[in-house]
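The structure under discussion appears below in the form of structure tokens.
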Amino acid sequence: MGKPVLYVTGLADVDDIQTLAALSILSHVAKKTAEYDTSILATTSRAVTFSAAQEVVRDAFTIAGRPDSFSVESVRYISDDQFGYAAGVDGMMVREQPAANFYMGKFYAESLIFAETGYATGAIQIAGTAQANQLPFFVAACDYTLIGEELFAASAYLSGDPLQVGSLRGQDVGKAIVMVVLVLASFDATLQVLFDWSFTSYLGALLS
Amino acid sequence: MDGYATEQIVGLWISGFLTLCVFSFLMGDNPFYKFAEHVYVGVSAGYWMCVGYWGTIRPEIVEPLKAHNPVALVPLTLGIMLLFQLNPKTSWVSRWPLCFLVGMYAGLQIVFTMDSMIIEQVAASIRPLLVWDAAHNIDWATTIVNWILVFGLLTGMIYFYFSVPHTGVVFGTGARIGIWVLMIALGASFGYTVMARISLLIGRMLFFRDEFWPMVQATLGGG
Amino acid sequence: MLDKLANLDRRIIYLIVLISVIVPLLNPMGLKIEPSESVAASFQTYEDLPEGALVLMSIDYGPSTAVELEPMALAACDQLLRHNQKVAFMALYPEGQALTNRLIGRLKELYPDKKYGIDYVNLGYKAGNEAVPLKMGLDFRGQFPTDTRDKPLSEIPMLRSVTQLKQFALVATYSAGFPGALEHIRITASEYGMPLVVGTTAVQTPQYFPYYDSGQVKGLIGGLRGAAEYEILTGFKGAAVGGMEAQSIAHFTIAGLIILSNILTFLQFLRKEEQ
Amino acid sequence: MKRQIPLLITFLSGITLVIQYYVLPLNWIGKTFAGWFQAITAFAYVLAAISLFAVNGKKIRDRAPGWLYNIVLLVSLTATLYMGLICDFIGLGYPGYQPIDEGTAFDWMFQYIYNPLSATMFSLTAFFIASASFRAFKARSIESTLLLSTAFIVMIFRVPLGEYLWLKVMPDGWSISWFIDTFIMGGFNNAGQRAIQISSAIGLISVSLKIILGVERSYLGGE
């Protein structure tokens, strides 16, 4: 009952990793709305993403044990054109007055139009994208924003698939290596400046 | 006739008209904008196909085939298989070329990402935390920048480190400072993006001031 | 009154922005522009090229970002032709080829004595994103067998002896997005070791600053501001300098809007506290 | 069968590209694969144009709402293809010139139709950023306050008027553009951008590995 939840997927098709992350998060959000019996509105701008989103929401409602309350109308294809998509979703925001807006996936300049209208309707707004130059606008206008890698981490975490979570762990090992090398090498460079001696120069002398 | 060839005059009138059609979107969606938008979609798809043919399909496929080089048959067949995507029943055929593209794209990412985007970037962030200037006292500016570079990157990476909850001294404060560094970086990017967007509008106003208006004066105003 | 002002109609804001751009364009103030370090470095990289050097210029932008990038490319071409060096144009962006035609049209006006095929040539657009710099580095003539007029490279005077990417003294990319500067940084510069100058839109400048800081890129020119600085350094009378005043007024307007909106929210918050 | 062979193609093309990069005598494979990759990408443009004919043709046949605009789209698509491709096939082209070269009708269409439409379409974002700045960009948390204040500094002092006013007010030893270049861009922006880019580069390599090894299959879409 009450106001619906609006879930906006980005402009890219299923061949883009950000759209896939958006669909994986959509399944989790749809499951939650099914459990709390609130309606969900998912909008897409590509035909293939549209059919994939329909599958995702139907499965989510079935898993949540309420296959009957899934309506085909809840997943909509708006338009392929960037500003046509923005205008279409804006119209829905003003008409349906959703309580919460999700913007997940690959967004370009139209991210501004969504965030602005969403803010004006007073909805809670959560965004997530890896598009570096759209992040400032989502951060400034939305209540919470998944930044870059967080979008993929969230989709892996929510999907619960051991392979996805495992690969997340693997990537963290890579990041840990970068952090350790950064700290040690900077410390080493500082020694070089202070005492004109450092581990690397010492090793270098040994090897040569 | 006063320095403007006829096709230039016709062209500038059409450009002016189409520019105003697109700007009319600001007053709300209307037939002029829809007209301009559909012309844009049609012309851009046509442009991409023509340039794609002359630039790549002809030299990679048509000419080798004319020279009876059989190797060019491979990209030709893979290309035609891509067109099967149009009909849902035969769309599985288009998966073969798609997989070649995706596989090669993945191979390219592995090969060209490690060195230029990770190793060289980390190397450039390794800075001494104390720097003397010529007179052998502390060069405060460079030292502070080095601290920001080293610990900014470190805390930023902690923020993107997901397998440990961001609580406690190291990871809690680390992630906290990390998000602040990211926010200042995104703030700078926000400022630059505003600069970019405004210059797009300046570009269109320059079109009216420097190209469209002189032409109108030259042709209608009798110079 | 407070609420009416807080959610002002969009169209009034559009009008404010339009006025803030048009007014300065009609009467310029002639403000001084200070060239920044990364733009001066790009200028110097071009200046240090030897006499008669051959430069590969990759036009990787479309009409929507031409306002920022075309002035940079034009000022650089003017600089090259003035030192009678040679420039070969290529494009990773489909629209880059047609915009190269426009550049060549302007160069013909500026330098009537310079000839196509001797001082500048258009090698055109190649589809395939990263695959183009990859193949170009392995076998330049294999990637660009002919120019856009189907003339083989062997018959083009300036490229007759050119078979490898290494024979170019410098690669410059004027890039609006993908494919563009990042592909040239990762492949042309990092992989094949070519000196690279990057001109990019203001939107992408922060993303490419780290590559200038790490030395992978010899120079970085960012946005209309960078183009204006470059025009001042080369003394080329271009479009970018004129736009900078409008840029200033518009920025002050938008900054004012942000401050006003936050003040209004704060006042609304105070009023709600009193009730 | 429909999934095994495509995944095998992805694996082979990815692995081959990685191997040929490290084994130098094999890099003729890289060259041939790059040629095929380019040809197939060009075919994707052909596919896009044909699917436009299919989608819009259907809408016109069913008289879907706004079908007049679909006719406008197809007319501009066909006109562009005629000027850039078909006129050459039927011999009405420009002898010795590709029909898309300088001075051709195709080039005129680009300069006076495609160019203004594309440039104006994106210049709309200047208006959107202004209205969003006023209505939605609030300093509601430490993070957004940091972001907006940095954006404010960059917006105001990266333009000549800002620098002019700063020099008027501050003693001349203090240069604001030096401060922005050194600390905001040279320090925080580089640290923050590197944190974002290095994390996404590591993520990119991980996803590419998953694609080549067939762990990540969702790009194949439904069954």
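Just so it is clear, A, B, C and D label the chains in written order, and each chain counts residues from 1 on its own.
Note that in this section a contact is a pair of C-beta atoms (placed from the backbone, for glycine too) under 8 Å apart; a residue touches a chain by one contact, two chains touch by 3 or more.
Predicted model, so just to flag it, every value in this text is computed and none were measured.
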* What chains touch chain C and also chain D? -> A, B
* **Which of A-C and A-B has more C-beta pairs touching across its chains** => A-B
* Between chain A and chain C, what's the gap in Å when you average each chain's C-alpha atoms? -> 31
* Could you state the distance in Å from the CA-based centre of chain A to that of chain D? -> 19
* What whole-Å value do you get for the distance between chain B and chain C if each is reduced to the mean of its CA atoms? -> 12
* Asked: Which chain A residues touch at least two other chains?
  -> 15, 83, 109, 120, 132-133, 136-137, 139-140, 147-149, 175, 178
* Mark out which residues of chain C touch at least two other chains, giving numbers and ranges. => 7, 14, 17-18, 21, 64-67, 94-95, 97-98, 126-128, 131, 134, 148, 203, 206-207, 210, 213, 225, 247, 250-251, 254
* Two or more partner chains touched - positions in chain B -> 25-26, 37, 41, 47-48, 51-52, 54-56, 98, 102, 104-105, 108, 113, 117-118, 121-122, 125, 153, 157, 160, 182-183, 185-190, 192-195, 197-198, 200-201, 203
* Asked: So that we know how the chains sit together, what is the shape of their touch graph: line, ring, star, complete or other?
  -> complete
* Over in the complex, which chain A residues touch chain C? Could you list them? => 120, 132-133
* To do: State the interface residues of chain C toward chain D in the complex, per the touch definition above.
  => 7-8, 10, 13-14, 16-18, 21, 29, 31-34, 36-37, 62-67, 94-95, 97-98, 101-102, 104-105, 126-129, 131-132, 134-135, 138-139, 142, 148-150, 206-207, 209-210, 213, 225, 244-245, 247-255, 257-262, 265
* Asked: Any idea which chain B residues touch chain D in the complex?
  -> 7, 10-12, 14-16, 18-19, 22-23, 25-26, 34-57, 60-61, 71, 74-76, 78-80, 82-83, 85-86, 92, 95-111, 113-114, 117-118, 121-122, 125, 141, 144-145, 148-149, 151-153, 155-157, 159-160, 178-195, 197-198, 200-201, 203-204, 207
* So in the complex, which bits of chain D are touching chain B? -> 2, 5-7, 9-18, 21, 32-33, 35-52, 54, 66, 69-70, 72-81, 83-85, 98-100, 106, 108-127, 129, 133, 142-144, 146-155, 158-159, 182-199, 201-202, 204-205, 207-209, 211-212, 219-220
* Structure fact -> Per the touch rule above, chain A residues touching chain B in the complex are 15, 81, 83-84, 87, 109, 132-133, 135-137, 139-140, 147-150, 153, 157, 168-169, 172, 175-176, 178-179, 181-183, 185-187, 189-190, 192-194
